[in-house]
Amino acid sequence: MQTPLMCGVFGIWNHPEAAKLTYLGLHALQHRGQEGAGIVSGELQADHFSRHHARGLVADVFTEEALQELTGPRAIGHVRYSTAGGSAPANVQPFKVDTLRGPLSIAHNGNLVNFLDIRRDLEREGAIFSTRSDTEVLVHLLARARAPRMEDRVREACTQVVGAYTLLIMHRDGLMGVRDPHGYRPLVLGKVGGAWVLASETCALDLIGGELVREVEPGEMVSIGLDGQLRSERLYHAPDATPQACVFELVYFARPNSRIFNEDAYEARRKMGMQLAREATPEADLVMPVPDSGVPAALGFAEQAGLPFRHGLIRSHYVGRTFIEPTQSIRNFGVKLKLSAVRSVVEDKRVVVIDDSVVRGTTSRKIVEIIRTAGAKEVHVRISAPPTRYPCFYGINTPSREELIASRMSVEQTAEYLHADSLAYLSEAGLHEAVHDQLGPTRRFCNACFTGRYRAGLEIIEGRLPVVGNLPPETETAA
Amino acid sequence: MQTPLMCGVFGIWNHPEAAKLTYLGLHALQHRGQEGAGIVSGELQADHFSRHHARGLVADVFTEEALQELTGPRAIGHVRYSTAGGSAPANVQPFKVDTLRGPLSIAHNGNLVNFLDIRRDLEREGAIFSTRSDTEVLVHLLARARAPRMEDRVREACTQVVGAYTLLIMHRDGLMGVRDPHGYRPLVLGKVGGAWVLASETCALDLIGGELVREVEPGEMVSIGLDGQLRSERLYHAPDATPQACVFELVYFARPNSRIFNEDAYEARRKMGMQLAREATPEADLVMPVPDSGVPAALGFAEQAGLPFRHGLIRSHYVGRTFIEPTQSIRNFGVKLKLSAVRSVVEDKRVVVIDDSVVRGTTSRKIVEIIRTAGAKEVHVRISAPPTRYPCFYGINTPSREELIASRMSVEQTAEYLHADSLAYLSEAGLHEAVHDQLGPTRRFCNACFTGRYRAGLEIIEGRLPVVGNLPPETETAA
Amino acid sequence: MQTPLMCGVFGIWNHPEAAKLTYLGLHALQHRGQEGAGIVSGELQADHFSRHHARGLVADVFTEEALQELTGPRAIGHVRYSTAGGSAPANVQPFKVDTLRGPLSIAHNGNLVNFLDIRRDLEREGAIFSTRSDTEVLVHLLARARAPRMEDRVREACTQVVGAYTLLIMHRDGLMGVRDPHGYRPLVLGKVGGAWVLASETCALDLIGGELVREVEPGEMVSIGLDGQLRSERLYHAPDATPQACVFELVYFARPNSRIFNEDAYEARRKMGMQLAREATPEADLVMPVPDSGVPAALGFAEQAGLPFRHGLIRSHYVGRTFIEPTQSIRNFGVKLKLSAVRSVVEDKRVVVIDDSVVRGTTSRKIVEIIRTAGAKEVHVRISAPPTRYPCFYGINTPSREELIASRMSVEQTAEYLHADSLAYLSEAGLHEAVHDQLGPTRRFCNACFTGRYRAGLEIIEGRLPVVGNLPPETETAA
Amino acid sequence: MQTPLMCGVFGIWNHPEAAKLTYLGLHALQHRGQEGAGIVSGELQADHFSRHHARGLVADVFTEEALQELTGPRAIGHVRYSTAGGSAPANVQPFKVDTLRGPLSIAHNGNLVNFLDIRRDLEREGAIFSTRSDTEVLVHLLARARAPRMEDRVREACTQVVGAYTLLIMHRDGLMGVRDPHGYRPLVLGKVGGAWVLASETCALDLIGGELVREVEPGEMVSIGLDGQLRSERLYHAPDATPQACVFELVYFARPNSRIFNEDAYEARRKMGMQLAREATPEADLVMPVPDSGVPAALGFAEQAGLPFRHGLIRSHYVGRTFIEPTQSIRNFGVKLKLSAVRSVVEDKRVVVIDDSVVRGTTSRKIVEIIRTAGAKEVHVRISAPPTRYPCFYGINTPSREELIASRMSVEQTAEYLHADSLAYLSEAGLHEAVHDQLGPTRRFCNACFTGRYRAGLEIIEGRLPVVGNLPPETETAA
């Protein structure tokens, strides 16, 4: 599947600086997507919307001039993650189209697992597709829905799709926020001044001086209309749809200062580290994080283990996308540009290094080497989550099962590959403990990436998602 | 109407350097549109096409790298004219979409006069529109057409639209060229090596070393399939559809070295000048063109009038789009940056200055002033076409009737406004004579811009086209 | 020698929009140099100047913002010609330095033939050089001159250099214009409103609505001080310095609407064409120019020869610097992108094609081929100047003697190389006649490129200039 | 003074990838200067050098293409700090000039306090200055020095200047590294493979896989010649020149993983934090750093004070230079974009926040507000250095005395201004203890910014440096 993977959304209703606050909100959500950004704005009741979008970081995409053209007191915005080189500029969200009932704009975080089937059906009815995005399917379904109320049309469209979707929808007369019945991706509701705000994470509210009202619930649809009132409705009746919040949002994806799924990300991470220390503290002299994401877990680990905490790895602030490598004599360049070890901290020490995941293993291996080169006597790698053995089909951009090192190797083999003196992962039970969840049927977090137990709609399927298709790659560029 | 106005198209089938030749062909057609350019390419039988497009000149839009990504032995391309500042990047053609029957790409020159009605109908059926372009309506009609043969689907779509359209269509298994039954816009068929070429004008063939096979006829549909054979079919039976070739293509729009509508543009212009001399030669010392477009007519005029021909106005090669004007002391800047008078040619002389049109009159007025400032004793303005009194709805970007000076003023009033000692236009009869046409019911050229007699389908409507609508402006930008 | 070759200069004193008018003046002089442009401005009495410069065209180099930072009522500017890829950004003029007596800025058109000797001497005294430019030598000489009056310091500096130099000098309290005693390069004095203007050609005056006062004489130094008065002094006493104006300025380098060396460029070219017709009119059907520079000569030729004049070659307005060539099947691309033949003009005709020079012969050869490919029966090439057999050391960027075709081949051999049916050059006597000059010791034009008789100072040296040195190439780039 | 303030230098001798390693070394030193970067390279024995430089970050300034043009096995590079908007592109170092003895290139970190006097003298001798940089004075002095040995010429030049200078000098036959007799700025000597390396900090060695040989001593001149041997000489005899290493390099300027002045920056900072805890631990619940620079000191503080260490402030990785602020409703934007407080960490807590300096006080005030807004009960600010009361004239870019809050307010007043519950600075004695120094005449660190006791040459001057001049600002831009 191509898109949208790991994205952030932000929307605001009835604020004199709607586009500018959306721009700031997207900046706060930049960690959720660095490939491209877009904003669509408009009057409260509008026959057309304005849009600006481009590839790149929020701060580069939007100039003062671009923001001034994004007029009107409401807006939605979207940041998206870099999947691969070939992604088309046309794919940058929010989508914006004209329909019979006026302009329509959608920003989507998540992934629809059955979009290829629906796309085929829609094409049979004469629909044309400008992108390979699953979101475009939703736009078509919305335009074709027949109910007079917008909320019912959204309901009509959403009952046809299966998967993960947090949506912001801007239509002629209102703004809506929707979370799929499983609630894979987060969405919070807030206010700034008198204006309603919808955002992926609370950090966007904090930046603009807004305050959290509450989380939008799984399967909830909130709708703000011309009267400025917020209405909440169930998306549709899905009695078996247990919550399936993505635990990786708390493990490493969300900003540490965000509150999502009614948990504080920082605190959850610290507890993961504490639990990990309970499970697997080696003989060692100090604990150090892989910055910045491993910091809270490392603090928890050090505290629990009673070991000194040190910043033995320093992160560079100046690493850009493209960097020219020397052709010889120097190895392991990519990571070295980003991380340096502090010799005075690690020399002759037995260090525990805390990270939040091992994906392919290549980066972890280089980190171990950097620490050893700086003189560490022993390097013990501790991961504040269970091994990632299965790809995600709900919006996190993981490689195929073959590329996941934990799917191919035992923990011992992996340790050897990393040249680590020891390696341990947080247990599944320990992880769920840290996020106030429990294993078993009543758990509220999705753990398919650890277990391979996927949900397609309400079914559980072991090992793979058979309905997931793929479109051939395409080249689409714009100068 | 927004788009597409004054455009150029180029397509090629089965050439190892398809994208590169399209790029060169578009460069040769650059005079037909300087706002943006795009190319879509693909394998002969393809499940997907590649596209590159951007705003700007052909030479800037396409880098070596961009051309290398446009793989495959067939391609179509499009250049479009700068209408106004607000035109959206999404509007850059060719369109490229996925449909039930595979990828589809369309490049369009012309203007559909009934597209708003059709768009409304399509929206009622759930269609969504990404642009304000009339071409997008055609894309929808093609995707919804049901006939098994592509040619019949094109026929099915085209019978629903009214207006001017020269189309290049690239579909899964072939390449097609279509001219509407009136043949407003040109399209020629050629060959380079063994590869078929379709282009707006023969100058594109000349540049790539190709040769002209023949013009595509009004109401003709040529289709090249996987066997490499070219088939010709009538688009549909339209017995009353007399040819309505746009005479302004010959007056000034086409490149002088092009052959279109079976006429040589240079020769046609020279004859317009000769005819104009027969009709309106004043007492004068010399004849000079407004360069470069007025040159052939001025040569014809001078020859016929027996007056010396001089290049009394020099055109700068370095005029860019944006130029910073001084805030005071200097007037008439825009034209002065582009044109300078040669004092030694015009000083103390009675000059005849030949141009191809007077639109709003502001530029002509400045030209007269430049010539006078350089010392001319008398300035006689001669226009190698009749007065433009009505806007074009078939693909030439003319201002509204109120802005056309010939619609508001008599010839004498216009002369006074221009500060010209005299002003004369070529007569309608004289123009048609020069292009081997005749006035009356059997004429083969459209002259609605002179007469206000428009055709909507097969009807003739005086003064305005009632079916022509307009969409509200929109802001759409991309960094 | 590296720099400065073929440049344009413009200066203005006491105008509220000094930088903006300099910008416009440089735009009018853009044909004299397309590689880079710079402006230095300041208050009438100034402790420092402001500068903006960059590579590229005037319209690209100067933004509104850049012009606004160029404050003050006086300014000088410079455009320079593209020599080769490697030229350093630091070389863009005007030079601007701080000296004991305050800020100093110099713009130079021409070439100093003994600058390497002086540079060596200066280096021996501890001078450091930031560029390879001969102009920097002048700057050093000026800074080291000891006389209390600026005019005397300029005199002191200029007596040490040999070669071609037209200089604009902006110092703490004034503006100066200088032409070397031979007057190789042009400089005119004008006024716009009450402000003094100095410019390479009158076309710059015309654009800003100024008027010509007179030419600055060879060996003259004009100086404007704080009182606003213009003073004229002899640069130094050089009794044997006969004028040596560059005849190629009139043959093709100056704008046709410019008046320099007290001649109208357009008229001079027309007379060259007439004289050429008297000398070498072949049997032919029509005369056509290589546009745009060959037009006036072709008009003169056609008139004198009694042959029809036609625009059989069309020049594209869209040729940029870099263009991507196809790798196969199409030959002679460079010129074809720029020039197209009009088939209806040349087909089955015996044509005379008029150009102003043949340098290496490669372009002329391609032009002949383009005309033949369009169907011409015979192609007779006529050049409105004598054969260029020797390189220029006075500011025109000619290739080495080995590369000049006229230096290697006879006229007959050249015709054969060009595939021309015949070839003729204007005679030297004919050229001088056309510019109101006479051959022999009293001639006022330099003709070293035809004759190889160079002047170094007051001496005449046959064949080559022994004092001319060369610095090794260097790489200097800036992003 | 304008330049060079806070810079980084890197040089390498005899490595096949000299320019690429210099590029990497400059990247590692990027924290020392983000305004501009430049590299000069050449053959071991060279008549000319190549240069590339531009404004911007190292990763943006150097493309693959630019690096390929920087040929030769030796290079020096320079990064410079952003002082203000108006700094000229010509100021980007390394300087590169031609002199009698061949090409010369200099990179300078530090600040010459008497450069205006010398500049005036040089101008009197006819020298011209292209920049306002003090480094250009050194270049002139070097070019004018008469000694046959390069080392003696450097000595001759350096005896004339007073102030802080770490220099890399590339001349025709060698590479030199120089530290002024007081050794204000660092310089280390290393090797990578067989190649000699000189760099501001060891982090540059680490990145390229090199190893530290030793520090270059204050007043030492190391010189590598064509034989590849490194020679060390005293710059000149300066018996009273006690070392004056800049203590702020260790407080916050150097990278934490660097070793300079024979100290580990990370360890020094941790000790500063420990000492600060000993001096001023308040009643509190936790300790948190201002990231990233405050981290080591905060760790030391927490450890010594026995308080929990938390990452209560999160730093954004996506803050660019320019950011568009909302015009209303939101205050304190600049810092909020960069730093966010973690509510779950600070809520209802008494926090100690550790930073390395308070300059104007505006940033610290905003940080306190951010922490309070997130719910902290008390905010105690602790600074791991003494109050900065005096500007630096030796290469750190501090504001004027009037702008330094510690110069205007008492500690209590400052605390009130910051809205901090308490404020304490590290004592001077404590700071020197942490860097193994002692107060009094034998101290080896400069502390003028705390005490106002400056050295001009060998004298000590209280309160200000009378010899320091200033040049008027100038505008110099390049597109």
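Each chain gets a letter, A, B, C and D, in the order it is written, and its residues are counted from 1.
Here is the rule we go by: a contact is a pair of C-beta atoms (placed from the backbone, for glycine too) under 8 Å apart; a residue touches a chain by one contact, two chains touch by 3 or more.
Given the structure is predicted, the values throughout are model-derived calculations rather than measurements.
Shared contact partners of subunit B and subunit C do not exist in this assembly.
Repeated interface, listed pairs A-B, A-D or C-D, reference B-C: A-D, with more than half of the contact pairs matching by residue number. Per-chain Cα centroids separate subunit C from subunit D by 48 Å.
With centres defined as mean CA coordinates, subunit D is found 61 Å away from subunit B. Within subunit D, the positions touching two or more other chains are listed as 60, 62-63.
In terms of inter-chain touching, the protein chains here make up one closed cycle, each touching precisely two others. Applying the touch definition to all chain combinations yields A-B, A-D, B-C, C-D. Of all the residues in subunit A, the ones that touch subunit D in their complex are 16-17, 20-21, 23-24, 27-28, 30-31, 34, 57-60, 62-64, 67, 192-193, 203, 206-209, 255-257, 259, 264, 266-267, 292, 295-296, 299, 303, 308-311, 314-320, 322-324, 326-331, 336-337, 340-345, 374. On the side of subunit B, the complex with subunit A involves touching residues 47-54, 56, 60-63, 66, 69-71, 89-90, 96-100, 104, 120, 123-130, 132, 139-140, 143-144, 472-479.
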